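Letters A, B, C and D mark the chains as written, and numbering starts fresh at 1 in each.
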Amino acid sequence: MGVMAIRKIGVLTSGGDAPGMNAGVRAVVRTAIYHGLEVVGIRRGYAGLLDGDFRPMPLESVGDIIQRGGTCLYTARCLEFMTEEGQQRGYQRLQDAGIEGLVVFGGDGSFHGAQKLHELGIRTIGVPSTIDNDIGACDANIGFDTAVQTAIQAIDKIRDTATSHERTYVIEVMGRSAGHIALAAGLAGGAESVLIPEVPYKLEDVVAKLQRGVARGKKHSIIVVAEGAAHGVEVGRYIEEHTGFDTRVTVLGHVQRGGAPSAVDRVLASRLGAYAVELCMQGVSGAMAATQNGELVAVPFDEVFRSERKPAQELCELAEILSI
Amino acid sequence: MGVMAIRKIGVLTSGGDAPGMNAGVRAVVRTAIYHGLEVVGIRRGYAGLLDGDFRPMPLESVGDIIQRGGTCLYTARCLEFMTEEGQQRGYQRLQDAGIEGLVVFGGDGSFHGAQKLHELGIRTIGVPSTIDNDIGACDANIGFDTAVQTAIQAIDKIRDTATSHERTYVIEVMGRSAGHIALAAGLAGGAESVLIPEVPYKLEDVVAKLQRGVARGKKHSIIVVAEGAAHGVEVGRYIEEHTGFDTRVTVLGHVQRGGAPSAVDRVLASRLGAYAVELCMQGVSGAMAATQNGELVAVPFDEVFRSERKPAQELCELAEILSI
Amino acid sequence: MGVMAIRKIGVLTSGGDAPGMNAGVRAVVRTAIYHGLEVVGIRRGYAGLLDGDFRPMPLESVGDIIQRGGTCLYTARCLEFMTEEGQQRGYQRLQDAGIEGLVVFGGDGSFHGAQKLHELGIRTIGVPSTIDNDIGACDANIGFDTAVQTAIQAIDKIRDTATSHERTYVIEVMGRSAGHIALAAGLAGGAESVLIPEVPYKLEDVVAKLQRGVARGKKHSIIVVAEGAAHGVEVGRYIEEHTGFDTRVTVLGHVQRGGAPSAVDRVLASRLGAYAVELCMQGVSGAMAATQNGELVAVPFDEVFRSERKPAQELCELAEILSI
Amino acid sequence: MGVMAIRKIGVLTSGGDAPGMNAGVRAVVRTAIYHGLEVVGIRRGYAGLLDGDFRPMPLESVGDIIQRGGTCLYTARCLEFMTEEGQQRGYQRLQDAGIEGLVVFGGDGSFHGAQKLHELGIRTIGVPSTIDNDIGACDANIGFDTAVQTAIQAIDKIRDTATSHERTYVIEVMGRSAGHIALAAGLAGGAESVLIPEVPYKLEDVVAKLQRGVARGKKHSIIVVAEGAAHGVEVGRYIEEHTGFDTRVTVLGHVQRGGAPSAVDRVLASRLGAYAVELCMQGVSGAMAATQNGELVAVPFDEVFRSERKPAQELCELAEILSI
């Protein structure tokens, strides 16, 4: 096709870890080796890139990791790589190691770094990996399904005790600027109210709804709150003060980041990791490997940066209807 | 809109049970009540329809069921309803009870029954619910994601012991005519080979691949087999005879039908259950409530019957590449 | 034996709910019916006793509950029953209903109520049920094993992300006055330090140990804190201030109360529930049904009130040795 | 104490793998290093001993394994080590490597090998590790609790579909000569009948009980069968032929060997692994590290070989009473 053949690619994971990253790294390594390429693992994201923390990745380096949470390549934040000097040094590290292509698992910030390396001449492909599911221009981000699954398993447990005690429970889930986890977990967990950063709300409406429910015979209620919408503790205090209902608060926290990835995340990560290598081989660069309507596509980073994933209006209304 | 307003709808679950059916029934009941309709639960599928095994479903009848596997309405096979007399009797039962619309959770066979009732004048909407995921003309069937999740959790466990013992394991999963569970579970479970009914295979190729793996240093291997492609026990015997490898077989069986539904299945069931009620209200009948490319759509049963879901060629190739 | 035959017994769950209570109630009902007794379920603990919130419990009332968390009989706190008038009224309620024996699932406070009813002439047997495991004079309390299991599943998930990020994680578990959950979860979760209310500690020692670990190459650390020993958030802040390590805090909260009971808890609850009925029939009263060294025993309440379960010195030392 | 100080110990896992072995190996390594000893890991049990498949085990070699199923040291059967020549060669291997003490995780067969090495002059301590729980003279074997937990999670899933379909399910669990898993899983899973090798049974009694249940309104039944008592498939066929009930059979198989160990197994393995090292240091040899009534004890192998763990009569009767 006139595309310069590539012989060696690097792979790194960056930003917050997401369940499924290991499945994705495995797919990169196996697909690359299948096609006769050499693969180098770069540890601790861009920090490791600058430190030259590289190691060769033969087939056995990705044995028995498809089912593990976290990332075997580690991840870290790296301020230095946000500077032009840092990016130049990173480029040089790759050049010195003979790495012509780079697959980056991460989110928006990680893709900005990848874009810079692309501009400097490295073929870079991003793979959307963040439990927040806030990277747009694609069906879903790796890690989101597992995080929601973890959240609903916690909600199911809390439902047991809520039912026994006839109490109100407030559960704060992750999502600083995005309410995707809260909305999906709230729907799947059967929550009475879901508070997300994208939709304005009034706590007095939440309280009014709780009181209507009790008037109709509801014995217990579950409120799911995205951390970016409100502090669970404050919501709990407000409810208790305004209703007198016995109210308990749980902040799920970092359990949502870990755990064996779900089948959905493993399959998605496998597909995208393999596709990222193929794109590299085809000469594509500065783009995200993703699915749109279930089909594999390459989306230019610029388009990714302009896009945004909003919680579907339909799901917000559904949450409202189902919680009568 | 000129559509006759509807006042009372029925809901039943039919065929093999699928995790998520309860979440779907809950959505039907809550959405209907939200819109002022009355809901009647019909137990044991079409068998209960013929027996008049009806009960009113107030809001509290679907409390705390969103997270439960199985179906609170029970399900059963019903030969009598496959006859014209049976269908006529079923229609009469609904008429007598004043039920104008009917939501049917099930698979292909259940939809054929629903089609008959539609032709007799009942507004019927089907909701695709089968772990086999073989109903086409839609993105996914309720229960499939949970079944795959159950299968990979079993594979993960077997992987622990496989790694410790350096053995070959054959795992037979459900799927008489469809390989969707096997393909997804094989991909997500990191299987060396996946045998499905839709793709011809030779056991000698499976053996050759196993031997290549061992020659390259693989210590253990996992083969996933759809029950419709081969008997796990026979595959295991063949492998052992032709390689001498210590080989163990597990037939996952009915564990794949149960368990708390996954978030994916709960959200899908909630969306489709709610949408089925809305379609009924709009006067739509003889159609399946489903998602296509993530969007809610009504697909005429005739189109559903003509369509077929084939395992994606891309996924079959991916399974091959990732198992080198 | 000269013991007056009993014809009708009551059963209630009181105090905080504990996974396994349902399995215990099922065992009470089935054993009583097996022996020809009638069983009455009293809802919401002593509150329901005073309200006369009784219902007959036939065999089918305990079908499919052995695997459920929470309690199908509900539970509540009841201030009124702590007064002499309340206890007298409760006694009268039981008399009026012809209930001669009472099985009480709960903790210390619940047993004090049971003791009063015993003194008034009702045959009462307590069954130790609290996730805190702080009721002494027996091997274990119902619910403890499940709560520890839930805690370590959370710790396992956090370990995934801790490993990926090279961070310190502080995990606060339940236990206001008892460190049993923290100690077991810390040991089983592989924690670097465990802080419990029964053992004095200095945060500077925790910090010194963390720093020794890092000096030896440890990349991440997990600290488990019983809520009665310290606030997780404060421990996290102290560590971060004194080490500069990136530190995250998770407060597990009420997820520890729910979930399907573990096999250990189901078997224990089944044994104790059945044994409680047999004790009632034998004329024993004012005692706790429990296991000591694996054997079923009846322990007089007075002895239970005097005893205390201390964390084993051996386990505390083990946690220290294994976290070098 | 006059005991010769020991400087280097070996550790191996042998026989069938059991969840918790990794937690036990971790405890051996950490305790040994804590006391200033050197530790050598011997891979693949006695096979690796004969091959000299040794590797040093520093602290980091047991990082992040406490939660993993299987065994990081691998395991294998070894016919050669059952001969005198093999044992002599094994002894020589240890001598050559300067290994003075050996900790062996495994079952009865593994302990016989350890006994031989003890007689040849190696300080050997066994740690009871088998899901079958058939090693006597102690409270419990490592791996048993996890296997039961896995079995009841499967039974819970099957119960969902059993309830929906009003069917009879036969579930075959592991246990060739011991019914401990079947009995505990049957009790905790709420089975109608439990068939174990230690207790004679008649299938006609099982059928009669099923029919009594149905006559009383039972809609579904679960029968748990230990593989050593009967073939699940044959039990299923017998029931179907003699009752006409729709009956399904599941053979759980090797999923019971894997999975993250339960808290109970992790704590037990940690205690016994640490204690085994201490016994070695104290000069004890030819004995099993175990708990009896919760206390750590050293039981001479000869006593272990003479003892036998029988299913408790009380539990068998309880299973009978609770399944009316």
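Please note the rule applied: a contact is a pair of C-beta atoms (placed from the backbone, for glycine too) under 8 Å apart; a residue touches a chain by one contact, two chains touch by 3 or more.
Chain by chain, the UniProt names read as follows: A, B, C, D = ATP-dependent 6-phosphofructokinase.
Given the structure is predicted, the values throughout are model-derived calculations rather than measurements.
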At minimum, the number of touching-chain hops separating chain A from chain D is 2
In contact with chain B and chain C alike are the chains A, D
Per the C-alpha centroid definition, the whole-Å distance linking chain B and chain D comes out as 36
Distance between the CA centroids of chain A and chain B (whole Å) is 27
Note: chain C residues in touch with at least two other chains are 156, 159, 163
Contact graph of the chains (line, ring, star, complete, other): ring
So the complete set of touching chain pairs is A-B, A-C, B-D, C-D
Per the touch rule, the chain D residues reaching chain C in their complex are 23, 26-27, 30-31, 33-34, 59-60, 64, 66-67, 139, 145, 148-149, 151-153, 156, 159, 163, 184-185, 187-190, 216-217, 260, 262-264, 266-267, 270-271, 274, 293-294, 296, 314-315, 318, 321-324
So, in the complex, the side of chain D touching chain B is made of residues 13, 17, 19, 44, 68-71, 74-76, 150, 154, 156-161, 163-166, 169, 248-255, 257-259
